[in-house]
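As structure tokens, here come the structures.
Next come two complexes built around subunit A: one with subunit B, the other with subunit C.
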Partner chain A sequence: MARQLTLRIFRYDPLDPESKPCFVDYEMEETPRLNLFVALHRIRENQAPDLQFDFVCRAGVCGSCGMMINGRPTLACRTLTAELPELITLAPMPAFKLIGDLSVDTGTWFRGMSERVESWIHTQKEFDPTAEEERMDDETAEKIYELDRCIECGCCVAGCATANIREDFLGATALNRIGRFMIDPRDERSSEDWFELVSTDEGVFGCMGLMGCDDVCPKELPLLDVFAYMRRRMSQVAAGKAKPDAGTSLPVIS
Partner chain B sequence: MSKAGKGKEITHPEGELVTSAERAKRQWKLDAISTGTGVFLALFMWGHMFFVSSILTGERGFNWISDLFEHYWLAQPTLVIVTIVFFVHFVTASRKIPAKLAERKRVKKLGDDIAGSEWNFSKEDRKELEKVRPHKETSLWIWQVRSGMIILALGSVHLFVVIADVAQRTFNIGEGVGINATETMERVQGGMWILYAILLYAVEVHAGIGLYRVTVKWGLGAKIPILGSRITRSMAQKMERIVLWFFLIIGFITLLVMAGVIDPPLEFLLPAESGAK
Partner chain C sequence: MSELITTDVLVIGAGLAGERAAISAAAEGNDVVILSLVPPRRSHSCAAQGGMQAALGNCNKGAGDSEELHWLDTVKGSDWGCDQEVARIFADTAPVAMREMAHHGVPWTRVKGGPADYFIKGKKVTLEEPRENEGLIMHRDFGGVSRWRTCYTADGTGHTVLYAMDNMVIELGISVHDRMEAIALIHDGEKCHGAVVRCLRTGELKNYVAKATVIATGGFGRVYKYSTNAIINQGTGQSIALDTGLVPLGNMEAVQFHPTGIVPTDILVTEGCRGDGGLLLDVDEYRFMPDYEPDKQELASRDVVSRRMTEHIQKGKGVPSPDGEHLWLDLRHLGEDHLRTKLREVYDICMYFLGVNPIKELVPVRPTQHYSMGGIRVNKDGHAYGLKGLWSVGESACWDMHGMNRLGGNSLAETVVAGMFCGQRMGQWAKAQTHEVDKALADKALNAQHERISSLISGGIGEANENVDELLIAAQEILQDKVGIFRKGEELEQAVVELREIYRRSGNLKMRSAFKGANPELAAAIRLPGMLKLALCVAKGALLRTESRGGHSREDYPERNDRDWLKRTLARWPIGADEPDISYEPVGLLESPPGQRGYGGAENIAMEQSVEDYNATVESEWIKQGWHPTATPLGTELKEMVEYASTKKS
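Moving on to the complex of A and B:
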């Protein structure tokens, strides 16, 4: 017999002065292979037409549907109700601005993060559109690709204790982004340039080491490896022994 | 960090002007000191355990070592250094503890939630998931803080007692016998065993978790010399468990000998009468 599910959903519309934050229960019958993406759409179609939540790709690629599912930040589209008990609590991710109900504004946060880490290749070289593209060895390209797999869902930020209590903390995704540019040979920022941003309490040395980011990352990025690599490299800078290093100790995807 | 922002001056919370590079260096230094002192103290504790467990060979073995250390002026400077490092570690490491109760509660709640305790996995799946994502890190961190506080209190008492012992002998105050087995055992049997048992457990837990976290934070991906393989989280976890249990077991056997519950099991190692004082 199919299970009767209760979805306890956080409801609040910050734009409506009448609205008070609360949890509302929605009942539904579980169908085979039901995932939360479909479940939430059913609720919006049949029970709560004003329910706000974000979805785009339904395949764990766009990073829009990150939410707290029974307290754990993860992607709703990749979560089957069969993995959960009959009572499923859904809440918006903390650390981001609430748009309404389950929808949070990760966009503004990630834009700010990109500006803070200046998330683009810094080079003095004049771009020549007719020239052949510069070659990069396979290993470096694969490492960059591995870190570039981040879909900016924000789960690592929501699952990070430090980011939860300190607004100015860069967060795992930003450190991962920095790692990506650190090992990119086209980026001319030196280790000393990175030091000012990374080697602070807002950067990698503010991390308490609770490893929540690594444990909840839906893309299973090697976040802890990136941080360890950064700590070592920043210590070389502090000791005045920084050498150019394209992330030799970072894992390569196989 | 950018060319434009490089070397810009910012106001430090203490009110002085520093460049962002100087500030970064300061924060790196504080983290490095807390890590370095922690590793130093953990390694010291291993050595400490090794020498204290000389009681397993009987009172003579214990006295021979403590006498050697005090006579050749090894114990005195070590005591001073360890006491300083002990408090420096407390000051630098406690920077990571959130100051507000609400923040600490948030850390705990988040840890409980992401542990997936409410997820309805089948037994096999849960086992599989825990293998891939061991979710004990937050509670381990919380226990590291708790054990650290216990060590701060009980360790200070222990340091005071040992400093008093060594100072009495060094400066010829009172009976001036220094660290010796008879007095130590009397102390343990007189009720101090409670303090030492709690302190021992807290130290081993604190040092074990600390070394594990340092390995994960600084060492992941680094190549291990000789073996050539890279350090992984599960490897660090296994090491932590082995080290923790090894020292806990030796520690508690040592404590049982000191409390007079069991006889020194390694007494046969020492020759019958030689070296008796």
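Moving on to the complex of A and C:
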């Protein structure tokens, strides 16, 4: 027999002075391969047309649908109800500004993050449209892609104790982004530039290393390895041992 | 009264096309604001997996490639329905566009010199990759191409290119206002002055006034019931252009169905699966494509593969399932290594959404709505017909390099190329304009929207007895069932009648919830009439086009008819009308006369007019349709016709 599910959903409209934060229960019958994308749309269609949540790709690639599912931040679109108990509690991710119900403002947060870490290739070279592309060996390209796979879903931030108490903490996604440019030979930032960016309490040294982030990243980014690599390189800089060309050495990524 | 934001250039849409156009416009010295329904990196461009076409010819199977061949493949792919000059601009610019993205950080998969193993036409082969090209951008095979030319980053191409592009936007300090939806254009009948925009955080309306307004809002796949498109691909950009009554949409009946949407959920697995050697099997696990297409096999163009799959299912060879019949995609022979690196997203999608492990199991697939060749009709500079100062790039536009069918890998490449090329022309145009801020005009446009929304939330409109979701679902089902892969006159006629009725009923909407703010039901109610209009443009265009060309396939008119239908459909929606007005124009100057594609196997009715006579009508017919003169004369970008512009009689 099909299970009867209860979706206990956080409801609150911060723009409505009469709205109070609360949880509301919605009942539904489980159907085969039901995921939370379909389940939430069913609730919107049949029970709560004003329920706010965010989905775009519904395929686990755009990073829109991060939310707390039974207390754990993850992508709702690729979560099957079959993996969960009959009572499913859904809440918006903490650490981001609430827009309403399950919807949070990750866009503003991530643009701010990109601005802070200057998430672009820093180079003196001008693009020459007549020249062939600069060469790169495929292993390096693969390693960069591995870290470039972050989809800015925010799960690592929502799951990070430090980010939840310190608004200025860069979070795992930012450290990963820095790592991505550190290993990119096209980026000319020096070890000292990187040191300035990460070796503060907002950066890698503020991280308590409990790896809540690594555990929840839906893209299984090797956050652990990235942090270890950065710590190593930063302590070398601190000890004055960094070679000027260290920017091209790569972390070991499994 | 209302808030008014002024900028030189307003770009509606923060996908690849919009962002690249914004960068070009900024480079010309304009202030630019970009609007988006969602944070830019969540735009649908991020979901493109397979890659983008550019004739770099770096790998073994790419050797001897050229812009010329890329152009010819594109023209063939379009079934000679495209504007060949635009296809030239595209093929010539694509290599620079890829290299530029490499410069700005895309970690393209690279050539590894030496022997490498591939699966080609069902067989394992070892090829020698050129050592002298070590480290250059690698290519994979795709459908309908004569060389391997798809540049890719594993199967996260759209993601890496969009992230690199958005990084450029951030570096340049271009503002992006996300969760903002353009719901109407501000115009005076001659010129577009910006847009009325609704904030999806608060529900507030604002006017954005600009010298040039660019619609880069992507495809409208969500008018179909089963689509690979993101759920935000609802065609609002195309519909606000249509709402002006002045701007035509081109070839709306040209809808692409991708062979491999997974069943259920309709999520796409990339053509790269077949490019890398994946095979299509039927209920008996028999590989059927070589029987239909001995030469191209699984890698004929998408329209052809989707039709062959449908034919094969109709012959009783589909795999029955509770979610309808499907076929199988076999990736098992590619091996774990390949599937977990070069096709990793595909692996994840199969595991998470189907519980199928493609290393060991077959993947259920069927043809699924995927791409809109049609869109806002623009000239080769991207300037929309019928309204000065309105531009469009990317999937929302009918720039028209795709004609009646686009090749895989050509649209992601189009977004960047059109963003560069048209963005520059638009930026230069905007720079030469003076700002005319007509506040009264803008307020009037905003008030009209305000009134519409107020009546929606206070009790409903008209008879106030219709539900938004129900009407949308009904329309989606009609398109799915009657305007699908194979089309018939009778069914198309029914579709038009039924959609007209639904459109009428959308004048009687009633909301079930009643708050103004970020209410999703209200957002859907605002979009609904526009979506229904697009559905009608698709259905009516398909009904009237009595031939089969590219993605438009009529059972009652199976041949491609170059005598009567070497034309582009233009749909306009006169204010207050209950269906679109359809007219036609020539597809463009012909450099390559219509010929055989070499796959698909349909008959053709030959052109009777000479190519010269055909070409002589193009410019005057286009002008009648509201075409704006371009920065360079018509035909300049064609190779054989460089002289055309100077020798033609006026």
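As a convention for this text, the second predicted complex is superposed on the first by the 243 of 254 C-alpha atoms of A that agree within 3 Å, B and C clash if a C-alpha of one lies under 4 Å from a C-alpha of the other, contacts with A are read in each partner's own complex, and residues count from 1 in each chain.
Please note the rule applied: contacts are C-beta pairs under 8 Å (C-beta built on N, C-alpha and C of every residue); 3 or more make two chains touch, one makes a residue touch a chain.
Remember, it's a predicted structure, so these values are computed and weren't measured experimentally.
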Clash-or-fit label for the pair subunit B, subunit C on subunit A: fit
Which superposed partner A:Arg189 touches (first subunit B, second subunit C, both, neither): first
Partner chain in contact with A:Glu167 - subunit B first, subunit C second, else both or neither: neither
Arrangement angle, subunit B at one end, subunit C at the other, subunit A at the vertex (C-alpha, nearest 10°): 160
Which superposed partner A:Glu18 touches (first subunit B, second subunit C, both, neither): neither
Least C-alpha distance (whole Å) that remains between subunit C and subunit B when both complexes are overlaid: 12
Intersection of subunit A interface sets (partners subunit B, subunit C): 118
Of subunit B, residues touching subunit A in the complex: 1-3, 5-6, 20-21, 23-25, 27-32, 96, 98, 100, 103, 106-107, 109-114, 116, 118-121, 125, 133-135, 137-138, 141, 213, 216-223, 230, 233
Touching residues on subunit C, where the partner in the complex is subunit A: 38-44, 46-47, 96, 98-100, 102-105, 107-112, 134-138, 153-154, 156, 159-160, 163, 166-168, 170-171, 176, 178-179, 201-202, 230-232, 264-265, 267-268, 322, 341, 345, 348-349, 352-355, 469, 511-513, 515, 517-521
Complex interface listing, subunit A residues touching subunit C: 13, 15-16, 32-33, 35, 44-45, 48-52, 54-64, 78, 80, 99-100, 103, 105-108, 110-111, 114-115, 118-121, 123, 125, 127, 129, 131-138, 140-142, 144-145, 148-149, 151-152, 184, 186
Contact set on subunit A toward subunit B in their complex: 68, 70-73, 83-85, 89, 117-118, 122, 159, 161, 164-165, 189, 192-201, 203, 205-212, 215-216, 222, 224-225, 227-229, 231-232, 234-235, 238, 249-251
